[in-house]
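The chains carry the letters A, B, C and D, assigned in the order they are written, with residues numbered from 1 in each.
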Amino acid sequence: MYKTALIDLDKLNEECGVFGIFARDDLDVSEMTYFGLYSLQHRGQESTGIAIADGTTIKHYKDRGLVSEVFEENRLEELKGGNIAIGHVRYPAGGDTSILNAQPLVIRYKKGYLALAHNGNLTNADQLRIQLEETGAVFQTSTDSEVIANLIARDIDQGLEIAIKNTVSRLKGAYALVLMTEDTLIAIRDPYGMRPLALGQIGDSYVVASESCAFDVVDAEFIRDIKPGEIIIITRDGLKSIQTPTPLKSALCIFEFVYFARTDSVIDGVSVYAARKEAGKILAAEHPVEADLVIGVPDSGTTAALGYAEGSGIPFGEGLIKNRYVGRTFISPGQSMRERGVRIKLNTLKKVVKGKRIVMIDDSIVRGTTSKKIVEMLRMAGAREVHMRISSPPVRFPCYFGIDTPSKDQLIGASYSVDEICRIIGTDSLEYLSMDGLLKTVESSGCDFCLGCFSGEYPVEME
Amino acid sequence: MYKTALIDLDKLNEECGVFGIFARDDLDVSEMTYFGLYSLQHRGQESTGIAIADGTTIKHYKDRGLVSEVFEENRLEELKGGNIAIGHVRYPAGGDTSILNAQPLVIRYKKGYLALAHNGNLTNADQLRIQLEETGAVFQTSTDSEVIANLIARDIDQGLEIAIKNTVSRLKGAYALVLMTEDTLIAIRDPYGMRPLALGQIGDSYVVASESCAFDVVDAEFIRDIKPGEIIIITRDGLKSIQTPTPLKSALCIFEFVYFARTDSVIDGVSVYAARKEAGKILAAEHPVEADLVIGVPDSGTTAALGYAEGSGIPFGEGLIKNRYVGRTFISPGQSMRERGVRIKLNTLKKVVKGKRIVMIDDSIVRGTTSKKIVEMLRMAGAREVHMRISSPPVRFPCYFGIDTPSKDQLIGASYSVDEICRIIGTDSLEYLSMDGLLKTVESSGCDFCLGCFSGEYPVEME
Amino acid sequence: MYKTALIDLDKLNEECGVFGIFARDDLDVSEMTYFGLYSLQHRGQESTGIAIADGTTIKHYKDRGLVSEVFEENRLEELKGGNIAIGHVRYPAGGDTSILNAQPLVIRYKKGYLALAHNGNLTNADQLRIQLEETGAVFQTSTDSEVIANLIARDIDQGLEIAIKNTVSRLKGAYALVLMTEDTLIAIRDPYGMRPLALGQIGDSYVVASESCAFDVVDAEFIRDIKPGEIIIITRDGLKSIQTPTPLKSALCIFEFVYFARTDSVIDGVSVYAARKEAGKILAAEHPVEADLVIGVPDSGTTAALGYAEGSGIPFGEGLIKNRYVGRTFISPGQSMRERGVRIKLNTLKKVVKGKRIVMIDDSIVRGTTSKKIVEMLRMAGAREVHMRISSPPVRFPCYFGIDTPSKDQLIGASYSVDEICRIIGTDSLEYLSMDGLLKTVESSGCDFCLGCFSGEYPVEME
Amino acid sequence: MYKTALIDLDKLNEECGVFGIFARDDLDVSEMTYFGLYSLQHRGQESTGIAIADGTTIKHYKDRGLVSEVFEENRLEELKGGNIAIGHVRYPAGGDTSILNAQPLVIRYKKGYLALAHNGNLTNADQLRIQLEETGAVFQTSTDSEVIANLIARDIDQGLEIAIKNTVSRLKGAYALVLMTEDTLIAIRDPYGMRPLALGQIGDSYVVASESCAFDVVDAEFIRDIKPGEIIIITRDGLKSIQTPTPLKSALCIFEFVYFARTDSVIDGVSVYAARKEAGKILAAEHPVEADLVIGVPDSGTTAALGYAEGSGIPFGEGLIKNRYVGRTFISPGQSMRERGVRIKLNTLKKVVKGKRIVMIDDSIVRGTTSKKIVEMLRMAGAREVHMRISSPPVRFPCYFGIDTPSKDQLIGASYSVDEICRIIGTDSLEYLSMDGLLKTVESSGCDFCLGCFSGEYPVEME
């Protein structure tokens, strides 16, 4: 009954975004969190929530819907008054749209209240859950946050800091975690730094967020990325950093640069925009083609297309127009509806395309169904040739770290060679950026990357 | 923003109703539970939910609203398929309308799934919670069900039956509890039998419910009340009863007969209807008055009024008409709105009332504001005299066992003598049924009663 | 998708209720209208609306839903400020639930604004519509109000009063009509006085309403019924009455007393309550039976049952309990749902019924399906005999004056004799009140009645 | 309470879009109309509706909301079955969000049913309304469609074709009108051709739409634009064109090319995309500047920016990122909210902007508030210089032909010189495209244009 048309099924999809703020002056923390989540909406459209703390207790509200829907009218008003807040936007992993899995998760435990917001995926969540169940724990949700909350609660007698450290030492997998007690804000990034998490400042107040674009909207200054394995504890007295042990090589998810993150974010020192544009340039060098026009598949292919145009000298143009009013739901999807899905979202600019040899840039191909449809549309619009160039290597393997990947039989790169995909999609030529090329786009970061979805080699052993 | 006009603020209000069914033939258990909850709606209008089990897993759905609202359209369809179900209707205790507190509570624990639906109030919930927190438990709701779920989980290694028994041995207070695992339905009534819980049968299938009126709607046969301290475990193999230790005297809430239960229910062997009618008769004997007409305050005063008429020989008539369309919400309650509140719900039958000496029967007076307004209305309609008779003793003390009582300063019986109340309300005379009289109405039950709200003496020591 | 369970399909159903107020002091007219409509809700539950005038313009709001739903929160606030208001509640005639047919209808015409609210049915609406269409009129709704508005507009050059008189002279059928210009309130009752319409006063302010029960809730004093064929025009200067020609005999719908009106209303000098009680008494005299208990089918049969008990000397008791929480919608009505429909609404009081010879009083039988089900339930509850007595003659003919009657093949009285109905419904005996008996209950009114649904003889020739 | 954030208050805004289809094979006309409206959503987001005809009657549904919201779930299903359909999307002119003004307007009149959908504004609507009122017409809405329906109804005795011609001869102003009887589809464009209207074909079936982009989504082939003053009548027998008298010069709204229309539409022979890109090129020639980067204000400035880049040789880049999840409502707009409004919608790409001399292209400046904010943001992001170039002349005058223009004191171009605006907005330089330049972009159309909002000279005299 409820189908989120906002989600592009022919993309990999992010699972969450987190935001936190500790105000040391009179900032309206619920409003700041609202704005922050607004700018992180691309990381999850299923549900959202805000929790605020005022030194003695924690209030929260969460529901299904976009930030602008959930917190309309008086909702935000009811959360006024505290000085710490955390927020979350959630992608409906595995079709699970239960309100019970919305975050932040707020629990009462031995020492009072705890609120948690999590982006990522623990690879040992089931084991931890079983261990906790052995000691009597019960679970009401299927979130990692609930596992983490239980772990903290078990060790809290040793103090919050030690409980957090103990907990972190038991977690495997990817996590960018924002926690809050009545008077403390905590941000944690997993030892591999797989999911991004950044630290900012507004005057004397601190903010943390999945992406730096959330800082801009609240006029916060970017300070630095939280380091892999770093725990940051913010109290009235200031900020304290604890560095936990990390592996030799970090493993930031490279797909953040390929597709997930907003172009205006900077992650681990690399501008997402710059990386995407560079990817286009390198792609032009690796896979040149004689053509009249470079176009991007909106919105995600545009930046790489600009790079390809710059690199190749072939002019950039708009060949595809996106309908800005695609809604959350579709009517009962009869056959003709499904077929027309892409047509509703995208249209060709016949004037631009007609008679041209087109290089069409996209960031990735997941199922291939959308790409096939777009190529058909371009040909119907009179394109003489359609050459597809992808600004990342073929996606061939699932992700275990918080990204929703389709099953192997739906992942076109897992079953077919590039040549076969080219035929299936119906392009005159199809080329992907090389792994080396992709890594070059982010080399200024100085960190290492998880390339699992391309290579099948993951930084963490699966359990 | 959300004000349940369905709740009469001048009454004590119930906190919940529970229903459970174990089908051993092809009954549609979700539909049966829907019907059962429909007939228990008077026990709680804030939220409702149904959980079903099919031998291997548990599905559930719950939301704010009436049964007819929450389970409209396709909701019930999505719960089809199992053979065990439990359901719950909830009254918004203390104004708490959070969806998180809706029941049934469904948890995953060491042995799989557990669903719980609870009516009552544990008097040692805070202590239990603290003890559980000491061992690391975390809590997401403020329900007793969550405490009970945690207790069961801690002892589950000893088997479900022992875990249940251990848990029960630690609970203090009032509870009628329905639990469900993937393949087992369990019903528990507290050792004092404070809240009602009955057992019924449909062919080979079993049902349990807060009141027997829920059996009629599903064509179930009433078998017997579940006994104080009894644990009933129903599996594929049949029904097993475990009797836990009980105090010398039981303590069924007598207010179930006074007001809470539906007239067509039979609780612990006593027909609610018969008890109410008898209360009216005894009231007539205890407090006769010369008058022309006996009327009841609809709907709860009608049966006792019939009894008073029969006992006194004064004719019964309809003097007050109730608007059947009073909705869930009121518009922003300005002064004139509030004042007109009673007028919207009730109107006088001038033709009947004019020039008459009226005996007006109600089951209880809580705040007294409604009574005062009704008396005014009757006088304006031309009543010559208005004598009020209450079919129970004055409510003077709070309830600690699951009933929402107003604070002492709002409880008119706590601050004023009967004479003073008579003057405040503006009646020509006011009399209450004696405690002995009330007890006589339920003596055929053979059980003992909690009279705490009248006497201040409670069966359980408060902790 | 939208099934109004609030409507009893085994009853004839009213089509509308109207309310109007002209304030000459600082009354809040929108609030008064809200309260008035609240008390007229039984006359229509499909949609509702309020229009207010402030001397220069007219604002209005209308929507599907109950009064308490449509005017929740800020809706009423937005209508503040005028000194005249009219309101309407609507029954979904013929399943038509289009918002476009909601009333009041507000139009702009040559002289400004006009708002209309109508209860009844014009028998020559189609002819008038065709005549108007001949001169170029267009219609956006299927309401009589739109026809009337067009008629007034055609003659407005001769002044409002003459336009109204001309219009009235062309209408055939039943109507209780409330109109409003920017500064004038007009109330009109058809020459036969078929639908009720009463006039009341609050200080210097005037109110009109379909039933006098609407006066009580706004503390208005009943002045008198508006006379058949009377036009009342209320302005700043006071009230003016115009009497148009009327037929020799009036023809008030007698079913208002049988079922439609609220018990606490007084129509054309007769208390609805008194008429119903008297009907019961006469019924007892006409059709006595040896029995142990008289019960009424709630809610509409109760008053007649009290009369029957008084007349027969057989004690009155509650044998059927109504669920007060029956909602607006049912889940997709599978077979088992439909069968259980009556069970959800009503339950038997076994304690009362068991072993008894029951006289069951209802006001009418329309389809007979509900009656049959109730008789079954009573027998299952142990009733020894069930004798049904109906406090009106058999409904055998359709109504053309604003009442929703089922098609002839669904109208049990149209196809079967009383004996046959008795067998179909399964009662030990079945008797109806005679026509003479019914007329006796309302003889104090001094007016004549439409008995069309019983006799097939209508006051107006059909066109 | 209801604030459409989807509308950019710093733009001129369109008032409507229309769509119509006459199927001569088994096309699903309601679904086609749904898709067509989806692609016209940019022309109006307030309400939408679809009416379908099946040869004998007309059904319709309309409501407030986006196409995807109004026609979710079963709504479209309920409109299945006909062979002709028209649809409408509406912009909330003057804040009027009444459902009564939603279109299509469906009326019953002498000859049956008529449905109308209108884009534009009649300048003599008030006079026509008064004339109609003189002959008795009543009006329920404030739409031009209702006036037009009444005019047609008055003349229908002369046949539909003559009635339409007579009606058209009396209308003054701008209109693209789609009408439907039970068996005929009619499309009309005003004699000046002010609002666009195009004709397409799917096999033997015809479609009409405000913009050609609606043809692409339903796989229709563009045939031609409907001519100024042309009436097209489509029946089972085929298409008939009637040419009514036209003025010497047509007057297509040039702002369709500047901003309103979707880039992928072709209007009167001119590709919107091509016109916008050409505007950028000419702007570069007219107002060159030494700079490092050309950026567009998304989404409307992008195409002209590409043109400016091409014309100037300065590289094009993305300097501003738009949030794709800006919702329909904002929370209660406190001061900080309002100030942050632009920040939520747009962010700067610091990496791109920093240290650069920027040429920022937008299509127009209306209030100037957004422009001022963007310039601030660019400077904060480190832009060394910000030169603003507008791809149309200054908007200085109101529109009387269906476009929502702010009052003169809010229209920055009406009160200030270009130099003053430059200072107010805070740019290093500001230049607009000349009128000649703008006209050059559309010269291939061969038609004439309304330039009223720039020049104050309108094609039609105001009455």
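The criterion applied here is as follows: a residue touches a chain if its C-beta (ideal position, glycine included) is under 8 Å from a C-beta of that chain, and two chains touch if they have at least 3 such contacts.
Given the structure is predicted, the values throughout are model-derived calculations rather than measurements.
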Interchain centroid distance [CA atoms averaged], chain C/chain D, Å: 48
Computed distance of Cα centres, chain C from chain B, in Å: 35
Whole-Å gap separating chain B and chain D, where each centre is the average of the chain's CA atoms: 60
For chain D, residues that touch 2 or more chains besides their own: 1, 74
Chain contact graph, described as a line, ring, star, complete graph or other shape: ring
Chain-to-chain touches, reported pairwise for every pair that qualifies: A-B, A-D, B-C, C-D
Of all residues in chain D, those that touch chain C in their complex: 1, 74, 99, 105-110, 114, 129-130, 133-140, 146, 149-150, 153-154, 156
Contact set on chain D toward chain A in their complex: 1, 5-6, 28, 31, 34-35, 38-39, 41-42, 45, 66-69, 71-77, 213, 216-217, 262-264, 266, 271, 273-274, 299, 302-303, 306, 310, 315-318, 321, 323-332, 334, 336-337, 340, 343-344, 347-352
